[in-house]
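Chain IDs A, B, C and D follow the sequence of writing; residue 1 opens each chain.
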Amino acid sequence: MANNIDVNEVKLTAKDFSSDQDVRWCPGCGDYSILAQVQRTFPDIGVKKENIVWVSGIGCSSRFPYYMNTYGFHSIHGRAPAIATGLKISRPDLSVWVATGDGDLMSIGGNHFIHACRKNIDIKILMFNNRIYGLTKGQYSPTSEKGKVTKTTPYGSIDYPFNPASLALGAESTFVARSLDRDPKHLQSIIKRAADHKGTAFVEILQNCNIFNDGAFALLTDKETKADHVLVLEHSKPMLFGKENNLGIKLDGFRPVVIDINDGKHSVSDVWVHNEEDHHPIRSFILAHMTDDPKLPTPIGIFREVIKPTYDEGITEQIENVTKKKGRGDLQKLLFESNTWEV
Amino acid sequence: MANNIDVNEVKLTAKDFSSDQDVRWCPGCGDYSILAQVQRTFPDIGVKKENIVWVSGIGCSSRFPYYMNTYGFHSIHGRAPAIATGLKISRPDLSVWVATGDGDLMSIGGNHFIHACRKNIDIKILMFNNRIYGLTKGQYSPTSEKGKVTKTTPYGSIDYPFNPASLALGAESTFVARSLDRDPKHLQSIIKRAADHKGTAFVEILQNCNIFNDGAFALLTDKETKADHVLVLEHSKPMLFGKENNLGIKLDGFRPVVIDINDGKHSVSDVWVHNEEDHHPIRSFILAHMTDDPKLPTPIGIFREVIKPTYDEGITEQIENVTKKKGRGDLQKLLFESNTWEV
Amino acid sequence: MEETKSNGKTVQSLNDVTVMFAGDSGDGMQLTGTQFSNTTALVGNDLSTLPDYPAEIRAPAGTLYGVSGFQLHFSSSDIHTPGDSPDVLVAMNPAALKVNLKNIKEHALIIVNTDSFDPKNLKIAKYDSNPLDDGTLEGFHVIHVPITSLTTNALRDTNLSIKEITRSKNFFALGMMYWLYNRPVEPTIEWIKQKFAKNPDIAAANEAVLKAGYYFGDQTELFTTRYSVESANLPKGVYRNISGNEATAIGLVTASELSGLPLFLGSYPITPASEILQYLSTYKNYGVKTFQAEDEISGIASAIGASFGGSLAITTTSGPGLALKAEAIGLAVMTELPLVIINVQRGGPSTGLPTKTEQADLLQAMYGRNGEAPVAVLAASTPSDCFHMAIEASRIALNFMTPVILLTDGYIANGAEPWKMPLIEELEKIEVKFATEVEGFFPYSRNEKLSRPWAKPGTPGLEHRIGGLEKANITGNVSHDPDNHDLMCKLRTEKIQRIQNDIPELEVDGPSKGDVLVLGWGGTYGSIREAVDRVRKSGYKVSQAHLKYINPFPKNTREVLNNFKHILIPEINLGQLARIIRSEFLLPVIQLNQVRGLPIKSVDIQNKILEILGGNNGK
Amino acid sequence: MEETKSNGKTVQSLNDVTVMFAGDSGDGMQLTGTQFSNTTALVGNDLSTLPDYPAEIRAPAGTLYGVSGFQLHFSSSDIHTPGDSPDVLVAMNPAALKVNLKNIKEHALIIVNTDSFDPKNLKIAKYDSNPLDDGTLEGFHVIHVPITSLTTNALRDTNLSIKEITRSKNFFALGMMYWLYNRPVEPTIEWIKQKFAKNPDIAAANEAVLKAGYYFGDQTELFTTRYSVESANLPKGVYRNISGNEATAIGLVTASELSGLPLFLGSYPITPASEILQYLSTYKNYGVKTFQAEDEISGIASAIGASFGGSLAITTTSGPGLALKAEAIGLAVMTELPLVIINVQRGGPSTGLPTKTEQADLLQAMYGRNGEAPVAVLAASTPSDCFHMAIEASRIALNFMTPVILLTDGYIANGAEPWKMPLIEELEKIEVKFATEVEGFFPYSRNEKLSRPWAKPGTPGLEHRIGGLEKANITGNVSHDPDNHDLMCKLRTEKIQRIQNDIPELEVDGPSKGDVLVLGWGGTYGSIREAVDRVRKSGYKVSQAHLKYINPFPKNTREVLNNFKHILIPEINLGQLARIIRSEFLLPVIQLNQVRGLPIKSVDIQNKILEILGGNNGK
């Protein structure tokens, strides 16, 4: 792990990360898988259990910390990024994770989210996107598709959804990724990469709420359809997908289009090669906006990772510099420093 | 004006839009010019004075409504977009404008801003970006450059600023533009275009705060430097700039670079042609991120304009449809409609 | 209790019964309870309900925290609470039995679904041995019914899956209860047909199971007695069963109609208030505009914008949401715009007990803002009273150009009671006059109510600016003048005070002078009323007064209170009204405070009254 | 008033003087006032200041609303307020004269900059004729000084621009006042040299002008009398002049040192609290971390995060910001994390009068949250008291694992007074013990203070989860149990109550029994103290008690109050402490309420006391 955080001596197992609390999600909820993948991954991120903190807001997803045998804080709706920010700044030695939902992070918590991204606060944000408010029983969320019929939109919603990756990129997040509750291996790899990233890591996890929005991502997870609808991004590899891995993404100007590399007209060399390390945000913005076009597959994987100093590094460095220059503060001096007189 | 709003019969003048209140900004403040350009433009936007409402938050910039002889609401810090949203949805017949600052809109008001963009609420947002908190006397703002020394950052700020256009585009704003307090003509043209846009119009106005951040945009406004540092975007025109209009923007992949069309190696046909109507957000995102690169000029003008149904249109249409289907609601029926019995 | 014979079974006539349907959250207990309530209402009983569901959406099957309950009290006479303790418990699984056992009456009737008492479920419910045969239930009247098997049996010839079949077992229980309490199955069959119109197989199955349950009651030897509860002697009129949230929603639409103003709701979902937003979003053809905002602040801010635009503007929320709206309420106070803020109180502090009831937001409603920022505070007392109080809140907001906070709570919001509906034409109109005259228009001039003119955008010549900075009296310009500020603070306070002239006096139920007055507010009405009734029945004199207007208090409040030696204030908080009464009237009051997330039990109030009266408990 | 002669002028010795420096916001009046204060402190007077500046940053020159004032009261004896009305007004322009005229003493000395009384400025100040010669100033002792020309004269040989030259005219006024009140110019010269180290031309010019003003005083015939105010008899020690905001900041750093915990401040700028954030951001080498958040909610949320991580966590704000923090304060209550919330009160409601003082957030601090969410509430009484109360707030937060709201206000935050500084080593340490033992660790177990253990992340074996849902007693697991909730609500309340054991008793200044006790809280201390002193000097008996701990009250509060026939509570609100006292102790209290954005005048309190005592006003 790229962090300045203590590493483990003893190898832990997934079970070590499981708390003694009953898991209270609905049977069949995608959150179970996310929990399992985190628990499976965490022994490998090289951080001691006691140095990990999970912070969450309110929502089904935000119950997550209760089930992790680490430090945890189930806070109030939307504020997890802000709480995590204060925790990380004050305790750079901790590995700070945020578990949140599409409502928690993108609705009420939107401002804290974009500011965390902007400041490159070294926290990892896993957003469980089920495109619905689960805990409050099925109102539409800012990621619900337009026209959605829910309890608060009996005639269909009229607002356009956020594109979470686009919003994160617009706010300059240094790590933007997407994964699926139903693709355990992929999800594990992304969690691991988020852990390794030094800076704000935003991971959108498409998650099925089988009670209020069942099948929202069926196209991407059903055996028959997923190969044709999911594009797995891999660094420095051409963007290929499809049942026979014959489909590729080609760039037509800024617009990605689908080509068939076996149609005689195209070849793999026409296919756009993924580069997650591109510092310029445009490439990742194109990837983020692929979901605007129903003809394109949905990319999963790491859209981009950029390394730049984090906020906590900055503040630590500044304190060191000032202290070097002025010496460690002496309180009595502070009091007596200006315009004093004696009686 | 493309809006469904009553048009004027009598031609008004700038003076008609000036209220009886003393203008209380500091002498020399860039806000004066913005006010003047708005007052000069408004007789031409074709909306009756009484059908215009200015809503603002708190800040020097947010004093704006007091000086406009229209309806006005000087509200609380950060909430202007939300108040304007309720006003516009409930009164689609009004032309609703938001005057705000970089702190008001991008700090405390960030969430309302991105949600207004996402929902395509038909309001016009003029953000006076002086990269500082003026009214509270000089703390840094979310648009202040990194390393900025201010009252709250005596050793320099450590956070990265927002790129306002990038944030607006990430949140899917349908109209994104930038102008300068010190370029009256340009500013007038942009205000006019914002008025004409049906949907959320976001206009960043770079504004000099001569008290707390004097000269922040000097490069872009000083006679000697501006030609080389400002790129004026014009629809379907090649992006040329420079004292002799000999410099152009060429696209190198996704990256804009500066070329000299008179250097013998390049010609005007190498220059990227602006298309503000491009529906795909990538082009405008590249423009927004030109300010990341100090070698590039700062674009002003309209980054993009996209037309799609607004929220208020959606809600009006839905009400009409439902009413057509079910008939205008009858309250007595509503009461008696379900499971009644008589005693 | 009369007894007659019918169909070989004894028929016992009861005055009132409290039934608890309890099962897994997936067992459909809320639906069962609601159907039983509706049918019970149709047969003319008075009734009161208390749904109680877990915070989890679908807690894992069989767990104690996953138990969902629906308590229902019905009677042949006037009643006011869902009953302190159930006479009958229908327990669909061991967890439901365990959770409710401590709360049911001695000798209560317990109907259990024996099929679910298998080792797995017993273990999940943390039973070491089977309570059905280890003596746990001694003293109760227990009836063992293999509900799951009987349901499966009834549907063995259908093509439904096992999952679908077992899901309909609640209808078996419902049918059985219909038989037991002598109610018709037809209304529910009607409902099933409508509800599952698109799925006739399921409709047919549910109907079959419902009937199977009913016939099982009739034929089994397990039931030797059948009960009848005569219809209550309610005032003449057309009734429906209504919950507080629905009544609130309808009340708001009614206020919109009475005032002639379009309704705008800006809101963010939160339990237990979301339903008001949900109901209102279905009323599009009443011209209602609902806006699901990005958060509570935007919810109220959008409503303030709509109010500025001339709508009847509403925002709805619950506790933590009200906290978030505090700053914006202050803006509405300063700009003197009409605004109705509805707070459905739930258990706090913080996220607290989100699905439980409480009355602990009164002081927040009164004082939870910076500066001297008085608003009107109202509280609804029963589910159907929410209708009237929603209209009252709107009327006061519009007449006095002020924010009004209407407090309801989780109990009356989710609970239901029969409601004699009004005729709309008989309701009083709400007069609203927008300013239109340019001559003499000043945004902060005032009428005799101290209310300022409302000039909405679009009115030529009345262009003006308002905002959160202190306003100069009359002109409404920004003013930093010290004396003006003092004056304006006092004017705003006095305006709220003058609402006293426009609200009913505080009524006393019982003698207007005496030893004990039980003073309540909001959702405790029923519990207090029932306690007072019972104490009176045992021959004591006691009076009740219930505050629905808290800021300002009704004009005669001091007079009412001064006429009693003791004032008892029961509240589901640590004494918030008591605090206000003490400071307002300098009267020592006796408090009864329980903060248990549940309605206060009538019996506890009853005992407290008797204690004050000096009688021994319960005599 | 002794008189002596010196240098051909009479020297009159005064006990105390109140001076008002007033001019355009660009005229540097705040700087002038501050310099005069500092020098006055150095010569050993007691003093108290009241800066008063417009909400506008640089209001257009010459306007009435653009006037900036600095009032300063200094004395040879103990004083407590910036003075009710100035004895001397230095008016740099017509607007400054007009704004202050109604407030100065009869026969006051007025020094005017005659150069600025030109037609343009007179018009902007809305004077129809020149007040210097139309009789307006009759009865005052007016001294005409062409300050601008004299300044220009003094600098005619420099290379400075006209703008630079006129900008230094405030130093002329300052020099003149130094001469008039017999204070040395050297400290200011020192300061000028430091301040303008990088700009020696400006430094030289300012020094020259300062001296020019001084000599002008000496040589002109306009002044026939010079005044001297002897140094006050202050307790021995090292002093500095300190404002409330600076004292708060230093107090917090001190608390960090005393507790051994790193300081974290999460805050969002807001007048008049921003300075605390600004001061703390300069203390990087004390390990202080300041985080300028995106809004007030993030300010407190980040502090809660830091508190969970084991820091001494602070958030600072003013009224509207406190409203925004309400929900998160509830979270800190439920999670029982130490947190200091500092609210520098300003004029409300809503944006109100952002640069003025007020005491109207007391009820918000007490009750402005959903549910039963008690926190400790403290209030500082004077600028230097902010230092002590910041430490007290930190101590209570850390010892009781609770949020503490410390109230200060714009007046004491911006005002300054001489402060006898403590020796750090003599201050009591704040004991903090983090949990480390795995054995027997339960997140919600409690010690005798009812405080729960603080186990910070990084401690092996103590991994645990907290949150905003109701907690089970001891284990801290989520609990929906009714009885547990009731218990926890009561435990949280009792915990705050137990703070009584750890705070000083309420002291009575004056007889502990009597007719009148003047009870105050927070920033009114000085006004009350001065009023009480004066009433006593006229031979009456009156006592004073000042509450710095409001929730809980000191243990002996009831006893103190019961010993007096009348309790007078002066407040800069509509009676917020009065309301609490009435409900808490059922005592009728007499209120004196002014909401004028300014400190209450001592004379008004004095008159009220006399009225209660039955004396005719002022005897």
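Just so it is clear, contacts are C-beta pairs under 8 Å (C-beta built on N, C-alpha and C of every residue); 3 or more make two chains touch, one makes a residue touch a chain.
Since the structure is predicted, the reported quantities are computational estimates derived from the model, not experimental observations.
A.B. asks: Which chain has its C-alpha centroid farthest away from the centroid of subunit B?
C.D. replies: C
A.B. asks: Go through A-C and A-D and name the pair with more C-beta contacts between its chains.
C.D. replies: A-D
A.B. asks: With centres defined as the mean C-alpha position, give me the subunit A-subunit C separation in Å.
C.D. replies: Taking the mean C-alpha position of each chain, the two centres sit 40 Å apart.
A.B. asks: So what's the Cα centroid distance for subunit A and subunit B, whole Å?
C.D. replies: 29
A.B. asks: List the centre-to-centre spacing of subunit A and subunit D in whole Å, with centres computed as mean CA coordinates.
C.D. replies: 45
A.B. asks: Just how far, in Å, is the C-alpha centre of subunit D from the one of subunit C?
C.D. replies: The computed centroid separation for subunit C versus subunit D comes out at 47 Å.
A.B. asks: Where in subunit B do residues touch two or more of the other chains?
C.D. replies: If we look for residues of subunit B contacting two or more partner chains, we find 58, 76, 107-108, 110-111, 115, 142, 155, 315, 318, 322.
A.B. asks: Residues of subunit D that touch two or more other chains: which are they?
C.D. replies: Correct list: 65, 284, 294-295, 320, 327, 330-331, 335, 350-351, 467-469.
A.B. asks: Where on subunit C is subunit D touching in the complex?
C.D. replies: Residues in contact with subunit D: 54-55, 65, 318-320, 322-324, 326-327, 330-331, 333-335, 347-356, 358, 360-361, 363-364, 366-373, 467-470, 480, 482-483, 485-486, 489-490, 492-493, 573-574, 579-580, 582-583, 586-588, 594-598.
A.B. asks: Per the contact definition, I'd like the list of subunit A residues that touch subunit D in the complex.
C.D. replies: Per the touch definition, subunit A meets subunit D at residues 19, 21, 48-53, 55, 58, 65-66, 69-76, 79, 82-91, 93-94, 111-112, 115, 315, 318-319, 322-323, 325-329, 331-332, 334-336, 338-343.
A.B. asks: Touching subunit A in the complex: which residues of subunit C?
C.D. replies: 56-61, 63, 65-66, 268-271, 274, 277-278, 281-282, 284, 290, 292, 294-296, 320, 350-351
A.B. asks: Any idea which subunit B residues touch subunit D in the complex?
C.D. replies: That would be residues 22-27, 58, 60, 76-78, 107-108, 110, 133-137, 139-140, 142, 151-155, 211-212 of subunit B.
A.B. asks: Residues of subunit A touching subunit B in their complex?
C.D. replies: Residues of subunit A touching subunit B: 107-111, 114-115, 118-120, 142, 155-156, 158-163, 166-172, 254-255, 280-283, 285-286, 289, 308-309, 311, 314-315, 318, 321-322.
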